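Below are two complexes that have chain A in common, paired first with chain B and then with chain C.
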Partner chain A sequence: MAGIEAKDVSKRFGDVQALKGVSLAVAPGEFVSLVGPSGCGKTTLMRSIAGLETPDSGTIAIGGGDVGGLRAADRDVAMVFQSYALYPHLTARQNMAVPLVMRRLDAWRRLPLIGDLLPGTRAAKAEIAAEVARTAELLGIEKLLERKPGQLSGGQRQRVALGRAIVRHPRVFLLDEPLSNLDAGLRVQTRKEIVELHRRVGASTVYVTHDQTEAMTMSDRVAVMMAGEILQIGSPRDVYLDPRDLRVAAFVGSPKINAFAAEAGADGLVRVAGTPTGVAVAIQGALTFAARPEDIAPNAHDGIPARVEHVEFLGEAVLLHARVAGATEAVVARMDARRAGTFERGQSIRLRPDPARALLFDAAGKRIVARAVPLGLKEIALG
Partner chain B sequence: MVDAARPAVAFRTPRFGEGAAAWLLSLPAVAAYLLLLLIPTLAVAALSFTDFELGLPGARFVGFENYAELLRDRGFAKSVGNTLVFVGLVAPASIAAGLGLALLIEAGARGRTFFRAIFFLPVVSMIVAMATAWQYLLHPTIGPVNAALRALGLGTPNWFGSSDWVLTSLGFISIWENAGFNMVLIMAGLTAIPRELYAAAEIDGAKSAWARFRLVTWPLLGPTMVFVTIITTIRSIRTFDTVATLTQGGPNKASELIVYTIYQEGFTFLRMGYAAAMTVVFLAAVLALMLIQTRLVERRVHYG
Partner chain C sequence: MYGRRSWFADLPRLAILGICAAVVLLPYAWMLAVSVKPRSEVFSAALSLLPEVWYAAENYGRVFAEVPIGRYLVNGVVVCGLILAFQLAFALPAGYALAKLRFRGRETLFAFVMLGLLVPAHVPAIPLYIAFANAGLLNTYTALAAPFAISVFAIFLFRQFFRALPDDLIAAARIDGMGEASIVLRVALPNAWPAATAFAIFSVVAHWSDLFWPLIVVTKGDLYTPALGVLYFRAEEAGDDYGALMAAATLVTVPLVAAFLLAQRRFIEGITMTGLKG
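Right after this comes the complex of A and B.
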């Protein structure tokens, strides 16, 4: 097994800086997801690792060896493309055989008719056929092998593309949004299958997606990318509960984290809209106070004043959308459906974020240390 | 938008059925087809059963006499033979040259538009005017080509004057003309091939340019190549202008191509009925050729 190590990789297309010194290390056998909004450079990083794009600067190593001088064909990586990129004129079986045929048969042996007459061709072809059959069985696509890509559904094409990638046991798998063309139900199912497959095959995998649920549920670690930079790499738990950057906090989690413009006084106490939050920080001045929907609860007596906009009943939970005076985005609070009271549109309420779980970010969006302080009675009265 | 939508709604009322609407909409195309293609063709076919001569009054129905004469006409047989040799030379060579040029220009980093324009020039320039340039270039005594050959100590053929060389010389001009045309068609076909397929081929281990060509370019260019083959065959069968301007079918009928023979029969000897019979045979042969070509190729080409 081989790991991947990209160091300070930069790539520029004309006046677009697609990658700004990205570093990413994937341990042998690890499953790492790259998430980020569209156009943030995920595909470019992937293609650089594969050798389809030459970075302007930085190094890429696979299995400990620098692959900068190697072309894609020699890097022993397999890639599943966003569009699958199956050869439209070949059947599923032939598509899956291509990587083996290209590697095991030389140009002469690949020739029709003449190739078969050369010694060893038949044996090699028989072996390739057997390996393709085995891979097809693993993916459950034995019945589709004689069809061409045009006669396959999106999910089936995706499977054939996966088959073409795993059939030759590459050192590294690169999957570029392989599920983006599937419907929601199939996506959940295929997600599980890919994880299973990764467990069985065990090769290091980089998985690109802009669907954070996919990233969170599948990966050992998640790398959050934005505007050509990796903002944070960590376990799904880390990027959700312990984001290092406001953009990471905002990207991961649905509904989105609630961010409030806040002010830290000389005493370090943080106030949102003049209301004390029960959180203290070591700096002073403007900052961002953020709390996940499940860490905010409506409260009768104290908290940030807001007006109910609408209520969504999700079954197990209720989402309360409320607006703080002057804010552009609504605040979302998530409550246990059985314990939530009833709310009416336009009703005035107060929202109280849990101070122990609040996340604080400085003016530049970097996370800062915060501690919960008990609110004095006097302060509550003032608020 | 609303106004444009209104007639369509009107067509859908039961009084004015969908079929009628379809006919009405295709009327211009049908009319053009009838007026410009079918009627003239039928007129030629009808003419081929008469002894109509331009300038003489009246025409007599002669049945298959013109066709019977065709079978015995050695000049016509010679002309058919010449045309076959000519097409056999020009079509494959200009398709191969067009493909080669298109691939070279696509692979090149710069100067794409420039080279495309250069090689397309023969197509947009009038071949009759260009023929004069060729006449000079290939002139047996003062032409630069023979001057170069002489300098190299090689033989200096009389390009248009010798019956051994004349078809080759005309063929060369046709190749020069058709290659640029094919190049543009093939370049259009090349741009339609998804880039990601080349990336996939590279990852799959297709290292040489040849391997990628075999795996991706050639199969995906299939539909384009079918079209190019058919169009080139037709264009070379129809060659007329170079023959008329440079050789007039000579020397000794060695460069008589079929369309030139038809032209001579009809407009020099004014035997319209006989020329019409030649035309009908010619059309039937071209049609049959096209059918065979598409049938043969269609089975092996991937569309869509």
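Right after this comes the complex of A and C.
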């Protein structure tokens, strides 16, 4: 097993800086997801690891050895592309056999008729056929092996592409949004299967997606990428509960985290729209006060004044959308459906974020330490 | 829904296509007809495709007896085969490089290819002739084939075709362990069958019936290409024996038609092969 270590990798295309000194370390056998909005450089990083793209600077090592000078073919990585990139003129069986044929048979043995006459070719080919059959069985595609990609559905093609990648037991497994062309049901199912496959195969895996649910549910660690930089790498739990950057907090979690423009006074107490929040910080001035929807509760007496816009009933939960005067985005509060009261459109309410769970960010969007302070009676009255 | 009604709807189209086909085929039909007629019937006033006296044995017999037509056909196959093989050997990698590899000066190189398309074959004929003469290569297969070994048209055609291949497909091939040469042969070419067959048809037809260049570089009978052979037969042997002349012309055309029909099947297979949108 082999880990991946990318250090300070930069790549520029014309005047687009696709990667700005990205560092990413994947432990042997680890499953790391790379999430981020479209165009943030996920595919570029992936292709750099695979050897399909030459970084302008930085180093990439696989299994401890620098692979900078190696061609894609010699890095022993396998990749599943978003478009699957199956060979259209070959059957599923032949598609899956290609990586083995290219590696195990030399140029002479690959020749159509002469190859078969050389010693060892037949044995090698039988071995390859057996391995393809085993992999097909693992993926449940034995019945599709004689079809060409054009005769397969999206989900089936995806499986063949997976098969082509795992058939040769690569050191490193790269998956670039392999599920994005599948329908929702199939996506959930395949998600589980990929995780299981990873457990069985054990290769270090980088999984690109812009679907954060996928990233959170599948991975050991999640790397959040934005505008050519990795903002944070951590367990799904860390990335969600302990984001280091406002952009990470905003990207991870659905509905999105609620961000309020806030002000810290000389005493360090943070106020949103003039309302004390019960949180104190060590700095002064403008900052961002953020709270996840489940950490905000409507309240009759104290909190930030807002007006109800609409209410979504999800079954187990209710999402309350409300607007604070002057804010561009609605605040979303998530409540237990059985305990939520009834709200009407236009109704005035107050929203009280849980001070112990609030996340605070400085003007540059970096996370700052906050502590909850009990609100004095006077302050409640003022609010 | 696809029964009689659509057959009627297709009638005008079929009629027009039929007429066009007839117009194109008529000279060939006439050639075939004349090749089995005795001389006296060729210029008779009655327009009839079928002869009154069956004269095929005599006409074809004369051709075989008087010129080495088999030799000419072999020459044709050798020259066309050499030309096509070299054209593909140069154009496939060149087209691939121009379409899919990133390197400095690629666009400039491609501009030169485009420029090359603008130069008619006749322009460099004299300098080439002089060069071959000085090299002592007149009256050789080399002289017949070498000037056509690099076809800018083929480079252009394959470059356009390869551009349509998804980049991911090439990337997948690299990861699967293929070198660039393998990619050309195992990925690019199999997905460019329609282009390859279409080009092969153009190339073989053009050089099989080319008269201009063989006439310049070949003076010895045993290197005559089929077209040159017919010309020679007409000048030296047949005189005004149009029956025999047309028999020779038929013999020269038949291999081409046969080759075309064979290639056409692959051509259509290539087009219907389910798509690259995989």
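FYI, the second predicted complex is superposed on the first by the 383 of 383 C-alpha atoms of A that agree within 3 Å, B and C clash if a C-alpha of one lies under 4 Å from a C-alpha of the other, contacts with A are read in each partner's own complex, and residues count from 1 in each chain.
What we mean here is this: contacts are C-beta pairs under 8 Å (C-beta built on N, C-alpha and C of every residue); 3 or more make two chains touch, one makes a residue touch a chain.
What you see is a predicted model; the values in this text were computed from it and never measured.
After alignment on the shared chain A, the placement of chain B and chain C results in a clash. Once the two complexes are overlaid on the shared chain, A:Tyr87 sits against chain B and chain C alike.
Shared-chain residue A:Arg157: touches chain C; no touch with chain B.
Using the contact criterion defined above for the overlaid structures, shared-chain residue A:Pro149 touches chain C, although it does not reach chain B. In the superposition on chain A, contact of A:Ala73 is made with both chain B and chain C. By the document's definition of touching, neither partner reaches A:Arg109: not chain B, not chain C.
Legend: residue contacts after superposition of the two complexes on their common chain; A:His321 is shown touching neither chain B nor chain C.
Chain A uses residues 47, 50-52, 71-73, 77-79, 81-83, 85-89, 98-99, 102-103, 148, 150, 164 to touch chain B in one structure and chain C in the other.
Interface residues of chain A, counted against chain C in their complex, comprise 47, 50-52, 71-73, 77-79, 81-89, 98-99, 102-103, 148-151, 157, 164.
Within the complex, the chain B residues that touch chain A are 194, 196-197, 199-208, 210-211, 214-216, 219-220, 222, 302, 304. Looking at the complex, you find that chain A touches chain B at residues 47, 50-52, 71-74, 77-79, 81-83, 85-90, 98-99, 102-103, 107, 110, 148, 150, 164. For chain C in complex with chain A, the touching residues are 166, 168-169, 171-179, 182, 187, 190-191, 273-278.
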